[in-house]
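Just so it is clear, A, B, C, D, E and F label the chains in written order, and each chain counts residues from 1 on its own.
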Amino acid sequence: MANFDGPGFSMVDKSWIQTKAIDIEPSTDISPYLSRILEDCVWNGNRAIVFDVYWDVESVNTKSERRLSSVKLSTKNLCLFLRLPNQFTDNLKDLYRFFASKFVTFVGVQIEEDLVLLKENHGIVIRSYLEIGKLAAVARGTPIVEFLGARELAHKILSCDMSRLDSIQSKWDEAGADDRLEAAAIEGWLIYNVYDQLQQ
Amino acid sequence: MANFDGPGFSMVDKSWIQTKAIDIEPSTDISPYLSRILEDCVWNGNRAIVFDVYWDVESVNTKSERRLSSVKLSTKNLCLFLRLPNQFTDNLKDLYRFFASKFVTFVGVQIEEDLVLLKENHGIVIRSYLEIGKLAAVARGTPIVEFLGARELAHKILSCDMSRLDSIQSKWDEAGADDRLEAAAIEGWLIYNVYDQLQQ
Amino acid sequence: MANFDGPGFSMVDKSWIQTKAIDIEPSTDISPYLSRILEDCVWNGNRAIVFDVYWDVESVNTKSERRLSSVKLSTKNLCLFLRLPNQFTDNLKDLYRFFASKFVTFVGVQIEEDLVLLKENHGIVIRSYLEIGKLAAVARGTPIVEFLGARELAHKILSCDMSRLDSIQSKWDEAGADDRLEAAAIEGWLIYNVYDQLQQ
Amino acid sequence: MANFDGPGFSMVDKSWIQTKAIDIEPSTDISPYLSRILEDCVWNGNRAIVFDVYWDVESVNTKSERRLSSVKLSTKNLCLFLRLPNQFTDNLKDLYRFFASKFVTFVGVQIEEDLVLLKENHGIVIRSYLEIGKLAAVARGTPIVEFLGARELAHKILSCDMSRLDSIQSKWDEAGADDRLEAAAIEGWLIYNVYDQLQQ
Amino acid sequence: MANFDGPGFSMVDKSWIQTKAIDIEPSTDISPYLSRILEDCVWNGNRAIVFDVYWDVESVNTKSERRLSSVKLSTKNLCLFLRLPNQFTDNLKDLYRFFASKFVTFVGVQIEEDLVLLKENHGIVIRSYLEIGKLAAVARGTPIVEFLGARELAHKILSCDMSRLDSIQSKWDEAGADDRLEAAAIEGWLIYNVYDQLQQ
Amino acid sequence: MANFDGPGFSMVDKSWIQTKAIDIEPSTDISPYLSRILEDCVWNGNRAIVFDVYWDVESVNTKSERRLSSVKLSTKNLCLFLRLPNQFTDNLKDLYRFFASKFVTFVGVQIEEDLVLLKENHGIVIRSYLEIGKLAAVARGTPIVEFLGARELAHKILSCDMSRLDSIQSKWDEAGADDRLEAAAIEGWLIYNVYDQLQQ
């Protein structure tokens, strides 16, 4: 079984997130990590996987293009951070198939534009997804939360201490790899808990 | 009359689902199976056929393409699982015509993207369909159910024991053919019952 | 005046539907039949013509195409079933013009996809149409009826005996020409009565 | 000043509609008639011009095309019926400009498809228009009227005697030129009165 | 400072509108007039500029094209009427930039189609605009006003004497240049006052 | 750390906005300024960055094109004004990436058209944005504020003294560089405070 042997981080409620960051190369087998994420989501969570995608900007003259550079997947206990290669490699199919899974709901913040780009630029289709800000706006009757980023959305719904996340993100350019991974884990955990809260 | 001679599975309410999995080859006549599904749906059900489609990922450079690989059709008592060949064969027309039937309503979960792909990639049009999550969200006044996968949607509406399904899906990569067929039958049965419930 | 000299069928309320099925050939003059439908609809009905269209599936490699193969037109007393030729023939213009009539409202079930295909594939525009399921959903406050086929929609609104229709449709592949025509007449009559009911 | 020297017709409320039918030829000057319509609409009406457009079906293989063949313009006292030539002639610009007028609101029934075709096929844009069925549906709280043709819409709102119109339209193929003009005048007058009623 | 030295007109409430009509030639500097409009709108009004655009119809075979021929800009005290040349001239950039201003809201009636044509045919984007009929419909709860032209919309909201405008517009083809300018000024003034009323 | 060494301006509530205007050249490193904006927004604000973009009009025949010429970014204490070069330079990628940030919500007025142009003309995607006028319209129940420019929107929500802004904008063509920068700072500050108000 895949080992999430990256650093672990303690959240403000003392829960623990185990992380794994992978630079995907042609020979990397990511399927065990995806299976472990799936398993954790089925057994411990509510079949929700919080995800976020990151784009690299490439430019041609006055135009810029976007290429999927990283993917973050979070469950109750795990956070997987995948850095994608510049060229398509065959093992990425595992990721593409994972996104098409109907077993789980992929939960994201401000993902509308991402979903369009994923399909247009890479042909990736996320089958079962939830724009959680829109749902929160309806469920709570507060239209503004539809337009917030992950941190502010969580702040509105969970009202928990955000100082660690703020501290890392305010000095993002100077942050080290582990700090950035911690910020990713915190954001994933926050949205996971927002989703959990909205379910009740 | 077509014989559903695959394994049968007992559901949590002791009802019985008879299955049939077919690898479609050029010489396979699928029409008797489709006729039997239709007949079962007309006589025993409420003219609803629960369906799900599965896609294979093919890739060209940084882009991926999707090809319809399997179709699942479920009624009250039957579950038909069709694996499609890579190349179009003439007998698939029977399936395409079946999807265009106006006698029944095809019921699915998170099917919006599927319907687009079916039309764009294969020219298949499902005439009379129902995105059951959307309906459940309106009928129950709980917006979140629109965004759930089959299992969570059923969990919210039916509150029945899901441990067998969870057990199979959490170890999907290691599951055998019969276990996967059982999971397919359970999911079909769950959605069938959600639909039934929403009708009342 | 055109003679509807096909078989007549008795409905469950003892009303009588006179039918006519025509295989359109280049020399067939369909206009007298369309005129008679129009006249019946103006004098006896509420200017509603229930219609249904049927498609033939043609395939090219992994793609399929649809070609209009038949059209059903129903009024209070009449049911006209037109089988169209493979090639466009000049007399079909009468049908195309008939669909563009503004004297009447064309009433159908689950016709959204049909209307798109009629325009895209054949340039046919139905000027004044009504998707009756959507209307029924609004008028009755029961969202589910928007998604039902003709039989189930009628079942929800009219609650009349459907055994004859079920009997024919459950064994569709084995049904004879007259049985199929009777099923067509019954479905037309059912939707006509749903429309009538919703008007009150 | 343009002379509406076609037949005049008495409506069921004893009001009088003066008509003019014109076959437009390259030398025909239609602007005086349009000016008179405009003047009547400004002084006697509520700046509403009821319009209807008619299409000719032309076919190429399995596809059909539509070409604007006639236009009907109705005010409180006048009904102008213009038959257009097959080829574009310069004097049609007067009609195109008339449609773009912002002085008045053009009122029609089931015109959505017409507006698209007018723009796509002929580049004609009606600047200020009103789909009266949609408005009536909202104003009266009866969703069904959105989907009705002119006669049934008027029937629902005005409840006046329609026997003369029914008599002509039920035998449309056998109707003479004057009868058809009378039907056009009656339909125009009906919609004009529906609009008037909805204003109050 | 630009001089609005065209005729001035007295409105029904005794307010005074000073006008300027300009035939734009390659050497015409329109920017001082636009600056004066902007200044008037900032100091005396509520940052609203009422605008209207006029199109010339050009035809190719059965199709017609539209070319922006004139623009009307109205504030509380001023009405500027610009007639544009057939060919693009460099000084028109001042107008294009003016339309993109974010200092003010451009207010129009039935402008949806205009905005599309401005962008498609001339690449002009009005940044901050208001379709006042739609707003009035919502604000007053009277759906019909969304579909009215400028005069009728103003009539519904302001109920002031329209006889001068009616008198000019009913005989539009015979109206002289000054009468037409007066009608333009009156319409601009009416909409300006409708906007003012809706603000309160 | 980047130094905002442009002029500082006092707002009507005595708060102070420090500004920086940069003409971007190929060798300019804008990332420290963007980092400082981000940091200020994380620590002092509510993770909102108010932005505005400005376009240059270029024309080809009767058509005009738009090119992004400047960008304004405002936080609680800072206002950064970037003038972009005609040609794409590599350092602009920093700005493009900044716009794609998910840490913050980009807040703008009447930005719908801007967002489309940013994507179409330059491939720039703002990931997390808020059209504040729309939100204010919903939150306050006053539909008109959706359509207002920055100054009028702020006027409706904040009711503070606008005379300095009015004074500069009414004489815009004659305004000097510092006055224009002050107007930019005031507008940014106004919208920042509108957002702040709507949050409560």
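Everything below uses one rule, namely that contacts are C-beta pairs under 8 Å (C-beta built on N, C-alpha and C of every residue); 3 or more make two chains touch, one makes a residue touch a chain.
Because the structure is predicted, anything quoted here is derived from the model rather than measured.
Chemist: Suppose a student superposes the Cα atoms of chain C on chain E; what rotation angle should they report, nearest 5 degrees?
Modeler: 120
Chemist: If every chain is reduced to the average of its C-alpha atoms, which one ends up farthest from chain C?
Modeler: F
Chemist: Taking all residue numbers at the chain D to chain E contact, is the shared part over half or under half, that is, same or different?
Modeler: Because under half of the interface numbers appear in both copies, chain E and chain D meet with different residues.
Chemist: Based only on mean CA positions, could you tell me how far chain B sits from chain C in angstrom?
Modeler: That pair's centroid distance is 29 Å.
Chemist: With chain centres taken as the means of their Cα atoms, state the distance from chain D to chain F in Å.
Modeler: Taking the average C-alpha coordinate of chain D and of chain F, the gap between them is 50 Å.
Chemist: As a quick test, compute the distance in whole Å between the mean CA positions of chain A and chain D.
Modeler: A distance of 58 Å separates the two centres.
Chemist: At which residue positions does chain A touch at least two other chains?
Modeler: Within chain A, no residue touches at least two other chains.
Chemist: Given which chains touch which, is the overall layout a line, a ring, a star, complete, or other?
Modeler: Drawn as a graph, the chains make one closed cycle, so a ring.
Chemist: For the complex, which residues does chain D have touching chain E?
Modeler: 31, 35, 38-39, 42-43, 46-47, 67, 87-88, 90, 92-93, 96-97, 100, 102-105, 121-125, 127-130, 135, 138-139, 198-199
Chemist: If you look only at chain F, which of its residues touch chain E in the complex?
Modeler: Those in contact with chain E are residues 52, 55, 57, 59, 61-66, 109-110, 113-114, 117, 143-144, 147-152, 166, 169-173.
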